[in-house]
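Several structures are given next for inspection.
In the two complexes that follow, subunit A is the common piece, with subunit B as its partner first and subunit C second.
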Partner chain A sequence: MTEATANTQDVILDIKNLKVNFYTYEGVVKALDGIDLSIYKGESFGLVGETGCGKSVTVRSVMRLIEEPGKIVEGEIFYKGNDVLKLKEKEIRKLRGAKMTMIFQDPMTFLNPVIQIGEQVSEMFLIHQKIQKDILDNKKKLSKYLKEKVVEIFDLVKLPDAAELFKRYPHELSGGMRQRVLIAMSIAADPDIIIADEATTALDVTIQAQILNLLNKLKKDLGRTLIFVTHNLGIVAEMCDRVAVLYGGQIAEVAETKALFVDPIHPYTQGLLRSIPLLHKPKDLLDSIDGVVPNLVNPPSGCRFHPRCPLKEDICAQERPKLVKVLPEHWVHCHVKQREYEGKV
Partner chain B sequence: MSTSENQSQSDISPETDSDAENILSVRNLVKFFPITSGILSRVVGHVHAVDDVTFDIPRGKTIGVVGESGCGKTTLGRTILRLSEPTSGEIYFEGENIAQMSLRRFRRVRREMQIVFQDPYASLNPRMMVKNILREPMLVHKTMRKRQINNYILRVMREVGLDLEHLNRFPHEFSGGQRQRVCIARALVLNPHFVVLDEPTASVDVSVQARVLNLLKRLQQLRNLTYMFISHDLSVVTHMSDVVMVMYLGKILEIGPKRIFTLKSAEVHPYTLALGSALPIPDPLYEKKQIILRGDVPNPANPPPGCRFHTRCPEARQICAEKVPELKKTEASHYISCHFRE
Partner chain C sequence: MKLREYIFKRLILLIPVLFGVSIVTFILSDSVGDPVAAYIGTALDKTPPERIEQLRVQLGLDKPILDRFWIYLTRLLQGDWGRSPTLQNQPVLEIIADRFPASAELAVYSMILAIAIGVPLGIISAIKKDKMADQVSRITALSGVSMPIFWLGLMVQIILFNFNVFMDGANLPFNIPYHERLTLNKYVVPRTILFGNFGATGFLLIDSLLNFDIPLFFDVFLHIFAPSFCLSWVQMAIITRMTRMAMLETMKKDFILLARSKGLTERVIIYRHALRNAIIPTLTVAGLALAGLMTGAVLTETVFDWPGLGWWAVESVSVLDTAAIQGFVIITALIYVLSNLAVDILYAVVDPRIRFD
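Entry: the complex of A and B
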């Protein structure tokens, strides 16, 4: 927590008014409706929300991985002062995988099933790292060099028997080991930003704990910026310095983790936190949020949460609230709460 | 709320505290799946999905079954309902051994026991309207005259929170939460006494999950149902259950009160402790001890000898690899299968 506040000035990723649409048969899905986010260097940042809230679309936009029928229609994403969205495809490929990497939910889909693990990881070094010319020209030397590098990185992600693993195929590994291979690939090129998109969702709790532990250690040792995309509030509470809660393609609230969990301000965050069963604080019935997640082809006007909001006023349907700082390091996207907290910053 | 909490914690009786009536008693239940290979489909081994399991479920209570993937929790639920036939062992449902009963006779029993599956979309016929989905079980089992069926369906629909207008819709027209309500309604139309809930909220979001869980609790009170709640989500199981059963590689490692995941280390099985500590808690103020288990769950086709958990257990000693520990009572209604917990 203190780390994050110390780094306040150092913004590594700045997202401004990001809008993404998906053009489908049913109509235009307005997946992101003006996302504003600043992510600080060296922090671990969480993006949480329910299905369809736009958390994955946000990070995929950062990596420029939005594909047809999706399109980034507006906004800017600054990475180290450059707008990622204005880069040419050739230039973005130098960032992707080298400066920003992503770990996905299902490692099996992202590993090639017919290529040995070692070879797939070697590729990361071949593509993203400068290798001395004399090594590059000598096949024997090159394969020895790559193997050394791969074994080194396998050790870093705590994969056992690294040398023997080199020749294995993805299907021979367990889910947890595959995820470690993916993490190895993502840190191979020494990136600034590592994005974990539901990286542990498919794993069992004890394996998830191993992977989270590893990511935490890597973050501390390597000092990288970590972005967690997840629907699991527990992971956010344990792993992140700061959090953004998304709802229907809009940011509801951004705060330091402790503040968000202890004193949530946005009515959606409050509802969400009350609706999860807690292991250590049992209660008989859970609170829930009325209604359903909106269809983003025809999203509600104004604040997209207003049809389900217990504090709803007329203005909520008419005008979209801004994301306003109501407390130090605490931003809220809500007319009612902003009025309540006015002048407290 | 707190009174019912205390009550449920004090008088739970998972096993043979004879004054409580057990709706279901499972004795030495085994379910092996053969592994075949070659063109002759020779049996080369067995997956030990459920391996010598014994427990009781008291009437009107919820028993939660937790464990990681491959621990046999789903197979256990399905075997109890004889959706897959048990390899050996006995299942007493309301006093009758249903494990060896002829299928013809078993059909009568089956309407007393129902199941709600994990994926509501896969378990509803996409070409059937909701009214037909709900009507079918009653027509099959002939529990009611045809004239009465429609009225009764409406009553059940109201109970699970669906509207009249939903009757003529197809499954794809519903949201995930509503679809799960249809599945719950379908399980209830036969007036069962016992319902297996197999990860009923694994495919819905948290705000929807809260409503489904609340609905299940309300229905339990209304109809005096007994639940077997299967899930890998420890906090959901803790929230729903009176008794929690922890499984690992086909064996029961522990049966205990719902708060076992927050008990002290000497009071619970080492695996239960590790599970509780591995779960990320959505509360930054909550402090817990972190135990990171080594390695993966072993292959259930070739489970380790002795205690199934010894390969990953931080407290394992020589005896653990040699001798299978028994499920022993450590205190009232608390059973642990470990050599070092008495």
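Entry: the complex of A and C
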């Protein structure tokens, strides 16, 4: 706790040694193996990594949305000084949607197909906002009030014909519109933290840009904390103040976006950035990282990246490195690099 | 497409379906045996050939098949569905009008019971998967599908009989009956009371209420209890399992995760967000089962002396009562088609996506 208390004002979300397992028939999948992350108030934070590296699991743990057969086995997640993992079910429900919200990946499947859109959004106001008693008691007044609120929020996310959309069903809307509805829903109760879990992956590029601009604007205007979960490095470079790179359920590197892209330290990050094709430097063969993504039922010992790492030493297979600050605002999870940068902070 | 257009379109489609059914029933009943035999019965050997020939002409059996079909079809449309020797040569249409309400009332009542018990039980066992409540509901459901209904009926009768004997000294104002549709007013058929010959609905529970005849209502209610309990037990089992499966499936969907992330309570998630999606397979099963019950639950009707379609249909098949069989098949087809339509409309009401397909 000593480190966390040092700058509590800045840190809105503090994840410590988070471990999540999935108990499947093939064995225990150790999806997260001791994640440490601090997220500052008002920043936009990126969480990148390959598919299956634990990005979504991390953010879902924050909202305690890990479902069977998954289980959070260890760790603490502090939100404003309270451990989210120790809250009662009733208390966590008051956080979900009101203080932290999540914009999910696929707008096609995350809206309830049989409930009108306006109704789905107005639920957020109903459960998370104090509504005056005389409105709450009068059914007509209440539906009018909710409709006004929903139209307001639809206008904010630039949904056209907001009043008319209220009575529509999800299948009558395009993907981009549905994504906007999801965003509208997530900002409806004015949360502190908005988590975008691959929120633009399913959309085409122009819509993607619109949605990202919208999110950026919301962050700036409302001063909220944004967490981007994505495998798209372009989005990270564009949108995020700081980035964490995940590999196989461990954090490889945390740094400010510019520092990470200009001067990556962890060998995995270096490999990741090298494998982005560049238009002005055409190559015959694209770079890639040798080897395959680890099987998390039986993960590599020590540093999980060591079987694919070009800098591998004996210690990497035996002992797990710590996440150590090697430069100001730059943490690395690697024995070799830590030695190299020792004393530079 | 608007819901009303959809219903209209489906109703129009009924016409070709029923025409097809009439062709099939005609050909089938024409090819299975000699209808004259049904009229003569066991006296076939003693009947002179001239009399048989006369009967053939009377029944129109001497004409070519296309002519006969035409006659059959026009009569069908005119409401002349022939007479059923199985029941003292009464007109088939009258028998159906008389007996169908009995079957339908039993069917509807037991279906309501089955849904009222089955759906909540299914939901509970989905939520408490593999816990005590789930096991109890599984055993209940298993007992429903594995007990033969005639055996269940007999057991219920025995229990009711013993109950009545046991309660004899208690001077209850009623006995729980286990036969027929009503005891009070047995000879004053309630459908003649208020709405003329055909009654208001033929459903005694409703008709008695319309006539403000509370003792009759109570009597009918007691009568329908035992057979509908037996019928609903089996249906309840199927509905429970169906609802459980669909609920488990739906609770894994993405939109449920979203609902959780919104901070909704588990109750709201289950009843508002999941149930409407999960109810569709249950609707299918319930709709088809209801149609099956309406056309007569033969075993139950036999055990409880219920004056429905089932007993008559089986009897007329065994004596090759052609007119009765044809009438019964047409009615069955009509009921199945209508109940399918009702299920489809309910789909469209529950799931807005279907209206656009």
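By definition in this document, the second predicted complex is superposed on the first by the 330 of 345 C-alpha atoms of A that agree within 3 Å, B and C clash if a C-alpha of one lies under 4 Å from a C-alpha of the other, contacts with A are read in each partner's own complex, and residues count from 1 in each chain.
Heads up, the rule we're going with is that a residue touches a chain if its C-beta (ideal position, glycine included) is under 8 Å from a C-beta of that chain, and two chains touch if they have at least 3 such contacts.
All figures in this text were calculated on a predicted structure; none of them were measured in a lab.
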Fit or clash between subunit C and subunit B when superposed on subunit A: fit
Which partner, subunit B or subunit C, touches more subunit A residues: B
Which of subunit B and subunit C A:145 touches, first, second, both or neither: neither
Contacts of A:115 with subunit B and subunit C, given as first, second, both or neither: second
First (subunit B), second (subunit C), both or neither touched by A:273: first
First, second, both or neither for A:78, with subunit B first and subunit C second: neither
First (subunit B), second (subunit C), both or neither touched by A:292: first
Vertex subunit A; arms to subunit B and subunit C (CA centroids, nearest 10 degrees): 80
Partner chain(s) touched by A:93 [first = subunit B, second = subunit C, both, neither]: second
Closest Cα approach, subunit C to subunit B, once both complexes are overlaid on chain A (Å): 9
Subunit C residues touching subunit A - in the complex, by the definition given at the top: 253-255, 257-265, 272-273, 276-277, 350-353, 356
List of subunit A residues in touch with subunit C within their complex: 63, 65, 67, 93-98, 101-102, 104, 106, 109-115, 123-124, 127-128, 169, 171, 182, 185
Residues of subunit A that touch subunit B when the two form their complex: 50-51, 174, 176-177, 204-210, 212-213, 231-239, 257-258, 261-262, 271-273, 275-289, 292-293
Interface residues, subunit B side, partner subunit A - complex: 1, 4-5, 68-69, 175, 177, 205-211, 213-214, 217, 232, 234-236, 238-239, 258-259, 261-262, 274-286, 290, 292-293, 296-297, 312
